[in-house]
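You will see two complexes here that share subunit A, one where it goes with subunit B and one where it goes with subunit C.
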Partner chain A sequence: MNVPQGENGPVLLLEVEEVFAGYGKIEVLHGTSIRVREGEIVCIIGPNGSGKSTLLKTIVGLLKPTRGSVRLSGKEVGRLDPQEKVRLGMAYIPQGRNVFPSLTVLENLQMGGVSLGDAGAVRRAVEEVLEEYPVLKGRVRAQAGNLSGGEKQILALARAVMTRPRLILLDEPSIGLAPRIIEEIYNRLQEINRRGVSLAIVEQNARKALAVAHRGYVLDLGVTRLEDTGAHLLDNEEVRMLYLGEKGNGPEQEPQDPGSRR
Partner chain B sequence: MDIFLQSVVNGILAGCIYALFAMGLTLIYGVLNFVNFAHGELIMWGAYFLYLFISEPFSLPLSVAVAPAILCTVCLGMVMDFAIFRPLRKADRLTLLIAAMGLSFLLRNAAQFFWGAEVRTYGLEISRGFQFLGVSLTAQQILIIGVTVACVILVYLLFFRTSLGKSMRAVSDNLDLARVVGINARRSIRAAWIVSAALAGTGGILLALDTNLNPEMGVINLVKAFAATLIGGVGNLWGALLGGLIIGLAENLSVLVISPGYKDAVAFAIMVGILLTRPYLVTGKRTD
Partner chain C sequence: MDLLLHLCVVIAIYSIFAMSLNLEVGYTGLFNFGHVAFLGIGAYTSAILSLAGFPFGMCLTAALVAAGLTGLLLSIPALRLQGDYFGIATLGFGEILRLVFQNEVWLTKGPMGLPGIPKPEMLGVRFESLPEYLGLAVIAVLLTYLILGSVTESPFGRALRAVRDDETAAEVLGKNAFAFKTRSFVIGSIFAGLAGVLWAHYTTFISPSDFTLNETIVVLLIVVLGGKGTRPGPVVGAIALIFLQESMRFLRLPPEWTRYLGPLQQMVFGALLVALMVFRPEGLIREKGRK
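Take a look at the complex of A and B:
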């Protein structure tokens, strides 16, 4: 769990400052701020409708902030399109529909590498990624829509690392998966992190994510309510009661995050 | 038996042309998630562009005029998108539907303004068909089959062998996901319009070669292309190809039992039947 240190402490990779964003007239984020340092796993938890998914969509550029700033390595990227952010080293795995169902596994990976430019680079990246994810090797010709939920999540992860991103944003990577597969996904994520890639994970399954996270944020109604290390948040009485559903009086845990509406 | 075989051949011929229309329609449907009700006008204008280039002042030979005619159709398709559909990219389906219908009226009336409402032909001599196993085939009809096969091979190579084609399929699957993996969605959408219009123009020219031209030719063929698209499932290119052939065969085989005057009604009947029994085909995508 070593985070690289710059001259003045850990190097900031992503800085979201006082961001306001939403869908048309419906504002979901009312001045949200988070930071992700290089090599860090940051977990964002919070009840339904707190704006977790909206935050990730705003960072990746599917939504544009109406106010506030999003900086990547100190550079303002709030107004950029997702396509440009991929080139700057950002990858995003949405919740649920996160593979191209009518494309084969191989084609999904190739699409993950479109920003690499030439065909040779894409081919080399596909070979490398298949070495790292051997489960996909035997299934390269399979249509992604026919994969199991776990296989789809692995494919989404493999596609995200095609461009060797510096930061991966993950929206509910464990949703709807069996515990054994969740374990595998998180092992993969920690392995990716050990190579220096920062992760920002939004989770409903907060316990799992906080356990692997260096730091965590609690989002509520579109504002950042708490910020602490993953371990401290797990110990925090209020967090346990309100967001981890302990003592049975926590908020309703529904699988669908309203923040993910299109 | 001869009549049956001839009907099958006629059905395949009509089906080839419907398939070209349906593949273009389903492509835009998949990528932009709306039915381009002005697709029929691309078909009709494709045919008229050829007519324009073979008549005064161009007077090009038919085989030469095909290239500028299809090029003009592609330009028309891109202008359609640029002027009407791109500003409405975030609009709801009803708005897009009405915009497309308005555009269809406009383009139909424009054609009527320039060339009149009367039926025209390219002025080819009526050729006697070759006799083969009791079936008659004209040179134009052999051309229809040949060009369709060539188009299908090109479409296959584009969509399954090139990065641009795969990007278009990815955009058709999930636009937002395509954008976040780094696909240039704008370029993919533009390419989809080019392919869709090229297929419409090619099909329109083939249809006019085999029959004739009139400003209404787009509307009736749109219905058939739409029915074929529904059979194939939205955004499914091979489904549209198969759907086109099914519609063509159904129409021509119906002539054996009912009056040829009702031929066009067969496509309508199939379309209504699908909408009633399998409405999910209109909203969802087949994922085989």
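Take a look at the complex of A and C:
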């Protein structure tokens, strides 16, 4: 695991400090803090309703923190809108593989080219991404709504890569996918990470994510409960009991989407 | 023969009106139930100015600007509302505007309407007779078709469809959904204004009763019948609906039934809409890739 080192240890990319946020009067995050260093994979786990998705939405700017700060490379970005954060190198893949169903695969990718400027640059970036994701190459003219669950998630990933991010935030990338597809998605994520892109992954069934993560956080009721390396969290007795669903009778099964082909 | 030419002019004007609504409803997913307001603004602006003696070119420009500006002003509060609430807000706006036409007698002559609107004259050509006016209307249809077509085929149009599909996903890819919806709404309003201008100078008489909720319903029906989110859809829909509507005039009904003809028309429209929902929900023309 080679995380780039600055003068005083690894360079901090994202700092979320004591953030309070929620929906209207309902506060979900009560002072959550996480950090992502450059080149790092960070996994955030926790039970339902612990504020994992809310945390990602707050980082990307879909929700604005009422208190606390969100810094990207030391710059305060807590008040910025999502479309400004894309330009600062932040990408976000929401839960449920939301590609644009009525657009073709090609058009979906082109939508990711917003920060690239001219049409030529977008076309070259699309070609590059298609080389990397051969699954999509044969289907560029297909309507994204007709893809399988796994293909949609790959497309969402490829589209995020198109924005040339430094940090990708992923909300449950494995949800509803068959184990073999999950494997492929995580291989892709590690590949992206090897090129220096940091990842913050929220997962409910966290075994896979913790296994690839450099570090992990356990979130519970809107506060950061634990922070450790991924491997340590996987070994932690309490984590295994409370958050990985282990009660001494084998690992929890991933829910499977009967509709996901391939 | 004159009737046929007349029908063609009406179809042309409705085509423009429907194409402008299709940009909003079909491509951007904005259910605008007050679109008739912009038809009215275009018609009244051009009518009032030309009755005051201004040349047609100037009246046309002023009408398009007025429609576009009103669209911009309405979109700022209305587009902050989601889905159904946006529909209600625009519905309210359409009614408010009709009441303004009806009550601001000093400007619009109220329910009396504005008679004697001159036929248009542009670049030394006067569009007086039916065939001449049809020529003008067809040119306007072609221009609208080309302009709105290139808008929807461009990266801008792609972004509109993306916003329609998933606003949040578009935003996190760096698109300001609100700005895209606003632009779509303003462009739609301008072309609705164009349809209004053509209507006013064609009939030479307009009154508030030309701009009721019924017009909005008819144009929505045209868009849905033709196939929303497609380029030829609104034109096809306008041809089908206007012919259907007018052909009902020739029904051989017993004399004592003729007073039911108006309501019968509404019933046929209603039945048509239900049949459409059941048998061909995507409209006559299908948007590619949509199921």
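What we mean here is this: the second predicted complex is superposed on the first by the 246 of 262 C-alpha atoms of A that agree within 3 Å, B and C clash if a C-alpha of one lies under 4 Å from a C-alpha of the other, contacts with A are read in each partner's own complex, and residues count from 1 in each chain.
FYI, contacts are C-beta pairs under 8 Å (C-beta built on N, C-alpha and C of every residue); 3 or more make two chains touch, one makes a residue touch a chain.
Just so it is clear, the model here is predicted, and its values are computed rather than measured.
Overlaying the two complexes via subunit A brings subunit B and subunit C into a clash.
Of the two partner chains, both subunit B and subunit C are touched by A:Asn98.
Within the superposed three-chain model, A:Val212 lies out of touch with both subunit B and subunit C [touch as defined at top].
In the superposed model, A:Ala231 lies in contact with neither subunit B nor subunit C. When the two complexes are overlaid on their common chain A, residue A:Val60 makes contact with subunit B and with subunit C alike. When the two complexes are superposed on chain A, the residues of subunit A that touch both subunit B and subunit C are 60, 62, 81-83, 86-87, 92, 94, 98-103, 107, 110-112, 114-115, 119, 143, 145-146, 159, 163. Interface of subunit A with subunit B (complex): residues 60-62, 81-83, 86-87, 92, 94, 97-103, 107, 110-112, 114-115, 119, 122, 143, 145-146, 159, 163, 262.
For subunit A in complex with subunit C, the residues that touch the partner chain are 60, 62, 81-83, 86-87, 91-92, 94, 98-104, 107, 110-112, 114-115, 119, 143, 145-146, 159, 163. Every residue of subunit B that touches subunit A in the complex is listed here, in rising order: 163, 166-167, 169-170, 172-174, 176-185, 235, 285, 287-288. Here subunit C touches subunit A in the complex through residues 155, 158-159, 161-162, 164-166, 168-176, 229, 287-291, going by the rule given at the top.
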